[in-house]
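Going by the order they are written in, the chains are A, B, C and D; count residues from 1 in each one.
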């Protein structure tokens, strides 16, 4: 931490700050310039209360030097982490993994029909929502337990691992019985109690970035999963708030692909792209899936529906099974191209 | 809803959309222009699935005409709603209400000491956090139940109603026993299960806007409270994400005062300003509290600490008790000025 | 500047950075912690090329300690600057100044009619656009020189100083002949050549914040005016980009009132609020004008039209002359209230 | 345009709106629902003044159905436009084009040295800035005319076409003599006078998206180029404002790759990605260049410097010549992969 004193800070104020830091057992390094005094902290800055320092008299600013997280950083876990889901291995140097299926589970028949198609198209893991987070109380909120039963049944009938979103702490134990991966959605990225409850199951957690969260903040919440001794984390960029303005944005969210390589540099955990939620437009899913893989994603999540105009949620962004086949084919080739180029 | 067809949409595609709308019992109005066909829906557009329409072939866009919420709108409840907390009446033409106290409850003594000061300064309701939402797992997370006990005790000893944040669905029944108002914080604005659990207690809900939520979205989630037959809603603007860019923003969040008059026009419920979280800077709390009341807020929430440099959370934005006294005095006068001007 | 080295930076890399800094004549202060080395710069950090340092091998980050501007800071000019426009004095402890008039000058008659009304309502300076920045090439672009002639004539006939926007460097000398204040609009905040050309006239510059600019960036561009030896700067907050999202924002821009007190602390120059452009909604102009003054603005700019539905630009945000009268009356009283409270 | 009347609008108000629309020669379609009346406009909605309608009494909202631009749309120019620069053909089904070189021209030697490297690496067009837009008046502002002379000389000596940024209307004729393509930078995207002056030269215009502009707004300003009878437009996504928040963003801007396929669907002009400015980080340029091409970009612009730590501007984002070679190689292969997949 660099503590920047105000130009007019008194010696007494400077001394009080130094005293405060030293009281935690840390050392300081003071540089008194022509313009202002800067107090550097030597040692683990997490031991000092950042806000208390900023609240002290004479302090102009306190600047973090170390990142806000540690357990999810490459400093702590240097090597790429691979997460196993059934027989599927995700992350590191593994080829791309495809998670696909409908937004909502609507019936056994609907789920089976679509699951069969996505499996044939090359998808590895089946997605389907039973507890849907929705803006409007008047929209379809998911089939709940009934949906989970369909998910489990289809998983068995097609021999395909599954992922489903968990929306409430109350449901963690129940949902855990019916699926292989627990998804924490974008709207719950800041929900620390839900994250910790899910982490405690020891199951793989598919943890989406919030649409209003910066990367440091996102990884700080992922830190809570490792803090519960669970390293089975799969990260996912799914779109941030679009730029506001007088004009309607072209996409519902802005899929922030910069996050993919930036996160890979910071953390050893796998990271996915979600072009379906990230754009909200079916016609952009293919190019943005390609771009996700080209940016370095370990996989993509794609919503598929065979009858989008009848989907009970997210129809406008669902692609048809044939489009998924095309996506998987070209993404696999892009991955190979990059792989060869990097090992060349 | 206005359904805008693509310029090259076929007659069959147009007909299919019309059929879909009619199947819900609604009427349509078709206008075929030189450039494209627009299909208007006559009746309650909530009966049509917006996403299904957008997912249909030949559809370019579907535009909502009605707002996404109804139960919290002035169309449904025309007259200002006043919310009673103990003997305090909030909203409508009532003079400003001040909610104040420390960010976190640190001990009975700390809370009593500060509570006494804020009461003497003119605050009506005491705030204090026991379950703190924090970014870092390494920060102070609140005293939990022990904190709630202090809150209840101080409330009784000083005869002052209280408000505290509820972070998890699991705690609703417990927290409800110790306080007069349940606060749902910005990070939980999208947490529909928590909102509904809190609403079902029948207690007043202090419902903060999320930092990444637009007003329509915010009111859509408030709708869930009324849907559970609870009309004791107090809204609160507490700052949205600041503009990003190459430079460090001047304030931690952007207190969006435009929201105050905009929300008052839409909904009959009281709306507060929170200049402490909204700016994150002690030196901006006074001017932004004044501006909140001038914009039409029914009250302000202000964090106070008598020793900010020792506060276990949010020290940099806490004002001293004396500053609170000054805030309340000038805000009351601004309210009177506006009131006289409007009745003139 | 604090230069943060990567955890694995070599001694040679650290030395090279130190050498680079010393070569500019500045001193360094090196603190080698357990985690990483931080190199502090003692002296005027503007002498070091920030980007060159960041581009060096082994450097993780370079953090500015000093602000990006100096000439407009209170460190350089401690006392409030008052700007004179005709007999009107703006800034410091002067009571609020009102700038008002139509968005566009449409004819001598239109301008005279509205100017007379706004003068009677209490406005001090008349605004009217002749060169309009417009998004669409198909919209009305202003009357140009003809409009300026009307402005000059009305100014004389009503004895009222004027302000008008300058859009192009080519027009600086011409526009300067017809008005008392040159306005640089939000879209030109980054247009350094236009800013410098305007500054060189020595006339007062009404310099609006860009809708995509942070405060540091805004003041860095204002710095260019002082660098041309012109201290007649009036700043103006006119709305930043609204938060994006799935829902339509309630206001066209977000009037960022946090900027008012934040800027007053940084710089001695007067700062205005522009609730007309800041919200884009006539019904929000009154409350947001009040809030601007309550936040500490030295004045407000308000667009007025007597027939908004016939205005050639910005009709939806223009208030009627009677509303302006009401705005000025209540804003004056709020100013007095604050003034008395602060001197109490 | 769909004009939505307020629920309580009177018949007189509705009639007045209808009258206003009809007075422009357009037809209306009125649908009176249970909740409110919606007036649709049949014909070219650009003939009606959007703002005047919104300013009318009883009007709740006016919603554009047609886009804000026409001349740059595929409705007006259906087929892909290819832009020729020397012997290089850009856009449509042409393979990717690479524009590369230093941020600033620092001397003939520096430019020649780097130009030779980028040409050998496979770049087609040489970039180099002589008039630099800078935030700080204290930074290097470019060599001006002297720089342009170096650009022209190197262009001739290496037989390589060039592009350079034009910052001021005053310089258009001069700059046009020294280069093959005129660049309008992000900060000037809203500078309509500069855009039109550049367009009138008839030269190819490399027109960057503003960091605060939505796509509709961006294309509305590109419209001004076609309106001056110049169809030699190359668009470029170069990063939008990053999400703001309590944490430092990971990248200086957010390269918005969603814009690439979204813009390709709207307009026939070529679109580039600029991963150097889009991220501001050298280590992200390669993955984001790959992702640009995978998203469908017709080329990328990459800043190169052989001694980034001595660059007079933008050193932190400049890649070395060797990295450019690697970028071009892998991007060409990704393009081929996509091309084969689409023609399969």
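As a convention for this text, a contact is a pair of C-beta atoms (placed from the backbone, for glycine too) under 8 Å apart; a residue touches a chain by one contact, two chains touch by 3 or more.
All figures in this text were calculated on a predicted structure; none of them were measured in a lab.
Summarising the inter-chain layout, the chain whose CA centre lies farthest from the centre of chain B is D. Two chain pairs, B-C and A-C, are weighed by contacting C-beta pairs, with B-C ahead. Once the centre of each chain is set as its mean CA position, chain A and chain C turn out to be 38 Å apart.
Chain geometry summary: the mean Cα position of chain C and that of chain D are 26 Å apart. Taking the mean of the C-alpha atoms as each chain's centre, chain B and chain C sit 30 Å apart.
Within chain A, residues 68, 135, 211-212, 217, 241-243, 245-246, 248-249, 254 each touch two or more of the remaining chains. Residues of chain D that touch chain B in their complex: 2, 4, 7, 29, 31-36, 38, 40-44, 63, 65-66, 75, 135, 211, 241-246, 248-249, 252-254, 280.
Those residues of chain A that touch chain D in the complex are listed here as 68, 212-217, 240-243, 245-251, 254-262, 265, 278-279, 281, 283-284, 287-288, 290-296, 326, 329-330, 333-334, 337-338, 341. Residue ranges on chain A touching chain B, taken from their complex, read 20, 46, 49, 51-57, 68-69, 133-138, 167-170, 187-188, 190-193, 210-212, 217, 220-221, 223-224, 227, 241, 282, 308-316, 318.
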